[in-house]
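Shared chain: chain A. Partners: chain B in the first complex, chain C in the second.
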Partner chain A sequence: MNCSNSAVEVSHIYKSFGDTRAVQDVSFSVNPGEIFGLLGPNGAGKTTTLRLILDIYRPDQGQVCVLGGAIDEHRKNHIGYLPEERGLYQDLSLERVLLYMAALKGVPKSQASQRLAEYLDFFELTQYKKKKVKEMSKGMQQKAQIIATLLHKPDLIIVDEPFSALDPVNTQMVKSLLVDLSRQGVAIIMSTHMMQQIEELCSRIVLINHGQVILYGELAEIRRQHKGHAVLVRTTNPLPDLSGVTSCTSHNAAFHIELDDVTTPQMVLNQLVLSGAEVEQFEIALPALEEIFLRVVKV
Partner chain B sequence: MAKFLQITFHEYSRHVFRRRFIFALISLPAFMLFAGLISGLAVRSELSSLPVGYIDYSGLLQVPLPEPFVQYVNESDAEKALISRSIQGYYILESDFLQTSHARLVAAKPLGGATQSQFIGQVRQRLLQNLPAEVAQRLASGNQLYVRSADGVRQFGPNDWPGLFLPIGLFFVFMLAIFSTSGYLMQAVTEEKENRTMEIVLTSVTPSQLMGGKIIGSLAIGMTQLIVWVGVILAAVWVGIRIFGFSGSFRISPGLVGLSLATLLLSFVIIAAMMAAVGAVVTEATEGQQITGPFSLPFILPFLFITQILTNPNGSLAVWLSLIPFTAPVTLALRASLVPLPTWQVALSLTILACSAIFSLWLAGRLFRLGLLQYGKHLSLQQMLGRLWLLKGR
Partner chain C sequence: MSNILLVLRHEFTTTIQRQSFVFASIGMPLLALLLFGILPAIGSRSAAAAENSSESSVMVEKRKEGFVDASGLVKKLPGSMPPEALQRYPDEASAQQALQSSQIDVYYLIPADYLKSGSIIAVWRDFNPIAAFGRTQTIQQALQFNLLNGDDRLVAQINNPLKLQTTLLEADARYDPDNPLTFFLPYTATLLFYIAILTSASLLLSSVNKDRENRMLEVLVVSSKPHELLAGKILGLGAAGLIQTAIWLGAAFILVRLRGQDIPFLKEHPITLELLVAGLLFFTLGYALYASLMASIGALVPNMREASQLSFFLVVPMLLPLLLINLIIREPNGSVAIILSLFPLTSPVTMIARLVSASVPIWQMVFSAALLVGSTYLVLRAVARVFRAQVLLSGQSFSLKRFWRVLSQPE
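== the complex of A and B ==
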């Protein structure tokens, strides 16, 4: 198996369940130290792709490299996984469940206990460590699940909807934690429907629909590729009348100006300068990720 | 290997230290103790603690018998004592007793078996008192017929009847332990699959490690249950013999114990693997229980043919039932307690059981992987079998 230095390298994988093709010719790679976004509508094949990376399923075709090679027991010890639907033993105490999960990742008990105490303190769960998981709120269970994902200090973290059930304070805390971990060199694959979180945290993404890759690459580049024929303008004085404009809408204290087919952004800038408008901001309007998502998924 | 042991220990400790398990563990011995106590009290209420009188016209009992026997000179005194309820009854040894050996008993209701045996023993002792001690002892012990197999390995005597029933009783206890433990296993697999705990665990271990650890953990749970239950039964038997003086011997050959253990342990693996497989493919624990209900039927099938097996332990029906994995444990144990079994039959039966256990584990692994693909979806038997053979890898 030829594997590069990427944290994850997915090459032309296919997976079918009976007559249903869940994943078709999906390829992408994730680098160490990056937060990589995995996007797609419901039923697009995201979870299947994650399970193929995690060796829960095996691909019918293609190959998956994880941390420099085919997944094995040693590499599994360096992966942290937070599934969308939470899975912890409900009738056991929080402490016992988390220590068991760490033990399955090969962490010695003394080390696991020490790290657990730190994480419980960080997530303000220390007082609940003897409580049964089922007695905790959804938000607390989500934090517990995040601890289970991180306790063994993984080099690759795969998180599916990591912010669900978290309040804004805890969401911010988890975001900061993920950014810190990526700065330490940890590769993170984040699957979520929250486009703002992707835009905020991820530099690269892959968008899957009907089991196939629709978009893949640098987020900024994808937005540039999907830019419309529009500019974003902010002036201190009222906006003058401009020719070649099909619509003009207010957008965050600026104006989003749609141009007709023959007008270029340069022509609009010239008109603004000639009219004496005091221009504070002038940029090519890039679509939000959500717009791109809706546009490509609907096609 | 370490992870496999982690899972085994986790499964074991998770169930064994639960209130539900501890309750199930003590409920059987508690029920047996309660039932024993009730029947003991019932018997005791029937037994009288009053002395028993006797009138000896034969001159055999010149030296008075010890308590609870009281000597009367004539029948009218004894009758008065009986009417006034000072005694529960009285024996009369007529003057020609030494010739006829006939004695009469006068009582309002039958005396307890133990009291009668005690009186007969005392009379027998007096009859033999002038003979040499060895001869007297031999005569007192009476005839004892032992049937021995030609190789001398098997023996069946008048007091060996418990040896036949004890394996059957232990088998039922074993089956109870196996099915209750496997039930836990199936429920745990279904729940963990549905609440996605399994998905997380599988990012750390292989499906084989997970299933193997769970099955061996269940085996350990079943063994714990069994050791406690069998320990209580043996303790009850010991108490019965030592304290209450029940007669009967419990000679069971070590070979029979070894054979029963081997067949039952292999059966356990088969049942546990099947239960785990069912747990992996069903969507709810209750659905699994409906499917696994009939699993126990083949194991009790030999009891339907128990007469044929006991009357003809080497007949073709008994031999065939010894070779079929599900019926082998009981049939072999029943036959082995009666006749020596041909070595080839034991070897073949154990080989078939071992192969079936390995096949069950393999099948459980396949079905487990198949079940993983079917979150929340029902799977028909046709789909299951169809995909089972087509399933590549996972």
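== the complex of A and C ==
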């Protein structure tokens, strides 16, 4: 198996369940230290792809490299996984469950206890460590599951909807934690439907639909590729009448101007300069990820 | 530490700390000790005391009986009867006077034609139907003694004409078939064994389902190999089951020690070391086989409801020895008992029934244990195919088609 230095390298994988093709010819790579977005509508094949990376499923064709080689038990111990369908032993104490999870990942007890104390403190769960999991709120359980994902200091983190059940404060806390970890060189694959979080955190993405890769690459490049025929303009004085404009909407004190087929952004800029408008901002309007998502998924 | 050991320790400690397990392991034997050991012991002591006191009261009351013999039959009273137990009166008037002056409670009139008619008249100061029954014993004894011309030996023989001694053609049968405990003890042992194996094996089913219900399976299969999970669970829960069985056996041993002195049968046939060792061996093997089968059900079904329905079919073979327990106990070395004690799905329970009922040839025990080991190995190999991440996480309902498909997939 030829594996590069990527944290994850998925090459032309296929997976079927009976007559259903869940994943077809999916390829992408994730670099160390990056937060990589995995997107797709429900039933697109995201979870199957993640399970193929984690060796829960074996691909019918293609290969998966993880942390520089084929996945094995040693490499698995360097992966932190927060599945979409998550849970903890409800009848056990928080501390006991988390230490058991860490032990299964090969962390010595003393080390695990020390790290656990730090994480419990970070997530403000120290006072709940002796409580049974079922006595905790959904948000607290979500934070506990994030701790279980991180406790063994993984080199690759795979998180599926990491912000669900979290309030804005805790969402922000988890986001900063993920950013910190990526800065330390940890590769993170984040699967979520919250496009805003992807735009905020991820530099690269892959979008899967019907088991196939629809979009893959740098997020900025993808947005550029999907730019519409529009410009974003902010002026200090009222906007003059412009020709070649099909619609103009105001948004956050700026104007989003849609152009007709024959009008170029340069022509609009010329009109603004000639009309004497004081231009504060002029840029090609890039679509939001959500817009692109809706556009490509609907096709 | 190996993941098998980690899973083993986790399963073992969480199981033995469960309230239901603690109650079943300690509460039940304590209850049994209380019900069958301590209370009857106290009861028997009280009864003995009561018996002594009632004996003495009977003695007192015996002194208050009298008779008038018109037939001339009663020439003397039995030597074993205290002289004051039955007073002879020459005529009814003196007997009546003794009754009225409370010297006696009752007198009997033995008419002249007694030998012909067999009738006797009892005259009571007041009638007490309950007390009346016991009081005729003394006069009966006196009449019987005199009817047999005062031959004590003959009286004893008529009272107990049958001293049965049973000879069995099967020389190795352990217990007297005329003793009701011959049935009771093997049946109780077999039932307890059935419960012990089933309870422990079911722990595995419920453990796999708990992982599923707690949505832990996906994380667990990423953290350890499914076969490590399976092995850890089987060993951990098996250890818990073994401890429970050992506690039950220990309680049975104490119970026998407590009550064995009162029951000659248990005194003659104590629970032997061989029986304890064989019990633990067949429990372990039976558990391993059934736990593996339960694990496959746990892996193949999406919820506990379906698991319970399916596990019923697994329990049927274990029920067979219980349904045929009469036959097994009556003919512990008969062909049905032998076949059932060799067939792996029925052998753990049947072998215990046979061991408690009779001596079992060593070769049969060894052969039965070897067959159990072999079949457990084969079942475990098949279960390893079923206990895979993809199957565990599928969430599909059980179907035979799917079961065969999973089994036929390469490892």
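The rule is short, and it goes like this: the second predicted complex is superposed on the first by the 299 of 299 C-alpha atoms of A that agree within 3 Å, B and C clash if a C-alpha of one lies under 4 Å from a C-alpha of the other, contacts with A are read in each partner's own complex, and residues count from 1 in each chain.
By our rule, a residue touches a chain if its C-beta (ideal position, glycine included) is under 8 Å from a C-beta of that chain, and two chains touch if they have at least 3 such contacts.
Everything quoted here is computed from the prediction, not taken from an experiment.
Student: Let's test your reading of the overlay: on chain A, do chain B and chain C clash or fit side by side?
Tutor: Once both complexes are aligned on chain A, chain B and chain C clash.
Student: Using the touch definition from the top, say if A:Glu290 reaches chain B (first), chain C (second), both or neither.
Tutor: Touch status of A:Glu290: no partner.
Student: Please work out whether A:Asp25 is in contact with chain B alone, chain C alone, both, or neither, and reply first, second, both or neither.
Tutor: neither
Student: Answer with first, second, both or neither: which of chain B and chain C does A:Asp60 touch in the superposed model?
Tutor: Touch partner of A:Asp60: chain B, not chain C.
Student: Clash with chain C: which of chain B's stretches 98-106, 116-124 or 134-142?
Tutor: 98-106
Student: Identify the overlap between the chain B-contacting and the chain C-contacting residues of chain A.
Tutor: Chain A residues touching both partners: 51, 54-57, 73, 76-77, 79, 81, 83, 85-92, 100-101, 103-105, 148.
Student: Under the touch definition given earlier, write down the residues of chain A that touch chain C in their complex.
Tutor: 51, 54-57, 73, 76-77, 79, 81, 83, 85-92, 100-101, 103-105, 148
Student: Considering the complex alone, what residue numbers of chain C touch chain A?
Tutor: 1, 3, 6-7, 10, 14, 210, 214-216, 218-225, 389-390, 393
Student: Spell out the part of chain B that touches chain A in their complex, as residue ranges.
Tutor: 2-3, 6-7, 10, 14, 18, 192, 195-206, 372-373, 387, 392-394
Student: Over in the complex, which chain A residues touch chain B? Could you list them?
Tutor: It comes out as residues 17-18, 51, 54-58, 60, 73, 76-77, 79, 81, 83, 85-92, 100-101, 103-106, 148.
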